[in-house]
């Protein structure tokens, strides 16, 4: 009797989460393709996400730090210098957009100038200007308004918002951030399209199976469910593996010298490390939708 | 009355067996065309429960097309088709699926799920209709033995010979004990002895009150059946369905 | 007679580049998949190439410009200053690794210091140090050796190779360049894998066709050629469209302010614009190889 | 001598027609197994040019397997098989392809290229062997008409009925005027009149000196053929090939 193996099969059919899964062929190139497409695109998406987050962070830092510091230089005869500096500090206190203002000490000034003037220059003896470091709030200072007020109250003050230095840096940083988001968008789009096409191709390869099932009395919902479950699972697994490998690679990239502070390392920070977990979810959602649509489209052509 | 053809000779034929109730499949002036000219024109027929019909006609006449209408793979281009007393035009897709569970079909090109063993393929109609094949394993095995596939229960369908495929298809068609069995050339690839066994299976079912329609070119098969049941022969030719009786 | 249409078909079979092409089904999801996979990956590859070339250029610029300029500051009593400056310039002339050395003029020095000291400081009257700008060759200067020689011959000189500023910037630039190449490598790899899988899937979908052809007496070379030609063509067309769209997008991205000079725009320059043309060639080569392998593998399983 | 079976009754059968030269297909103690037990054991046979054989046997006996050996889809697991006097073991893959151009085959499951019209499918053997179908368009059309597919020349294969597929497959098998025609159940899905037409085509070819082997379950077809040509009947049963003559 060959019954035993047959019975085992029947039992296998009953076990797990329902019979429907077994009616979908488990392997084949289109299955591999779905897995790989989901995996590879998830891997790239993690990279793109890391890139855009890192550059976003960089852009924030540059814009913030550069945009939010300014300098007020007060040149005046020695006897008026202190008075004007005090007036300027008072004026800044009542200016909207100023987060803090601080007189730069003589020592700091000396340190800044040493590379140019050498350590031996007697700065104290010179009529050098007073410098006030201004930190702006996120809203920023109305530079023209401030200059007008300064012209009246502190005639010796020159306000420098570092625009000359800032503009290209901020532009560059924003550009990097934009490119990062663009890549992420592109790659997510390609991932979606790829999964959709792979699911459609796999479903087309299974058109016969669907037809056979429909002709022996399977309901649409049963057939669609079997395929949707299988393909969503494939996309989810593929994308999860890809995203995990991507995250691992990002984590293993030698971290940049953050002390240099100029460009942070590629990577996520804090809760950002959870972001890659979103990618398999997106992949699974796309696969769910794509398979459902393709399955129902195939079924619509059958009576 | 088992048959209700429009053909004049039809009225002469009465069922050999008492048949009551409504027709399981009823065609009323049904026509069908694949897009070109009409392939089937103005066909009327009532298939009564417990009747046994053969369907003949030249190759390309429309036998397969006729059967596809009966199990709702195709919809009439005109006329009224009722399956289990329900007009097919008013059926939802789930109605169609449920209707098919009451009709066993042997397709001319037997399609299986190539990744499942033969036994599971034969049990598939149970599976997709939510019934538990394990509970009926003994019956299924008996059926598999009857069609001579006991040694092939756990191989995959691509490893079957042509005749073995037909037998597996027949087994799958009858595994649910359906009210109607439509068999399209079920013995084209099997030897005479095996075709008698398969015929026996269908005759057994017919005796249980099931409706049987067999499309075939094999006149010997028809003669053998007529010796055992009150089988009638329908013939499709020139787009029409006729009852061909006396000439066999 | 239905002959005419049949004859037309036969004629169609003869026209073009041989009969073999017609035996491959022209459409289907796997065909679309091959086209799209090649197209999408080519598009991304162009972006990655643009990114890595731009960052490469940026890294070069930063490393070059920053690493190859240094400053020599000479503080000395006013009467010795000119002599020591001249001595330093002579010394630099005989130092290996120095491309050029130039005394910074008083006007330049004034411009540099204005933000800190204000425009009114009488620099001429002050004992400010002399500054010499040194440009290094690619080999670089042996900083310690130079400092030792300076200590002997120009006691007032301090050599500053900007290492403090340079290191993080160069690291950052090299990191960007590395990331660019990594992306390009990844995306090209994914492109190759995707085309390979799509070709395999498409070929698997055509297994019946191959079997039928083989059984009616077609030679392996005939069958393989038909598929290879068709699929190479598909990959080439897909990748060409993708690369063209990618190049167009890169070209249409708002160009960065190169005057800022800090980060150049994403894009190719000069002959670099021809680089995207390589991508379809790579895609076609991969498709050729993948289809050939897959076709011969399929054929090997048939006698 | 047309037949060289190991079966004892074989020696009694002499060709009705003078046959000279070497056997086109020659099996010497050939066995075949799909991996399990042996399906065909120790089979010896010489198919002479111009001979006409039927191949019968129960479903699953190995008829298709035997034909697959003859056109080199399968290789013997033991024994010597020579096709056109060349041992198959020594053939390159291109030799096999070239050999197949001299053998026309009707497969039991007729496979076509579904994207090409029927006429192009029938002409395909010419195409793949580098011959120009346009130059033979008139002959091809005549052939298509003979098998009754004139109205279906430019439809795609999936739109053919079961019998039409078989006829198209036969037309494709003979389009090259091959030296050998192997037909696996070529009339399982066609009506009697059509099967006579198809038989006629094969008899015509046989009269031109071609070797014909037809695997079939249809005893009427064999009887009809025997009335016209010196056909011999081979029977596969219990792993052996026997010459079954007198019992028909």
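Residue numbering begins at 1 within each chain, and the chains themselves are lettered A, B, C and D in the order written.
Here is the rule we go by: a residue touches a chain if its C-beta (ideal position, glycine included) is under 8 Å from a C-beta of that chain, and two chains touch if they have at least 3 such contacts.
The structure presented is a predicted model; accordingly, all values stated were derived computationally and were not measured.
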Required minimum of steps from chain B to chain D, each step between chains that touch: 1
Centroid-based (C-alpha) most distant chain relative to chain D: A
Centroid spacing, where centroids are CA-atom means, of chain A and chain D in whole angstrom: 67
Centroid spacing, where centroids are CA-atom means, of chain C and chain D in whole angstrom: 62
Centre-of-Cα separation between chain C and chain A, whole angstrom: 23
Where chain C touches two or more other chains at once, by residue number: none
Interface hub residues of chain B, defined as touching at least two other chains: none
Contact graph of the chains (line, ring, star, complete, other): ring
Pairwise chain contacts, counting only pairs that touch as defined: A-B, A-C, B-D, C-D
Residue ranges of chain D in contact with chain C within the complex: 71-75, 93-94, 96-98, 100-101, 105, 107, 111-117, 119-120, 123-125, 127-129, 132-134, 137, 141, 150-151, 153-154, 172
Contact footprint of chain D on chain B as seen in their complex: 34, 56-60, 63-64, 108-109, 148, 159, 161-164, 167, 184-185, 188-195, 217, 219-220
Interfacial residue positions of chain A with respect to chain C in the complex: 28-30, 32-33, 36-37, 40-41, 43-44, 47, 51, 71, 73, 75, 109, 112-113, 115-121, 126-129, 131, 158, 160, 167-169, 171-172, 175-176, 179, 183, 186-187, 190, 193-194, 197-198, 200-201, 203-205, 256-257, 259-263, 265-266
Chain B-facing residues of chain A, complex: 2-3, 5-7, 9-11, 13-14, 19, 22-23, 25-26, 208-209, 211-220, 222, 299, 302-303
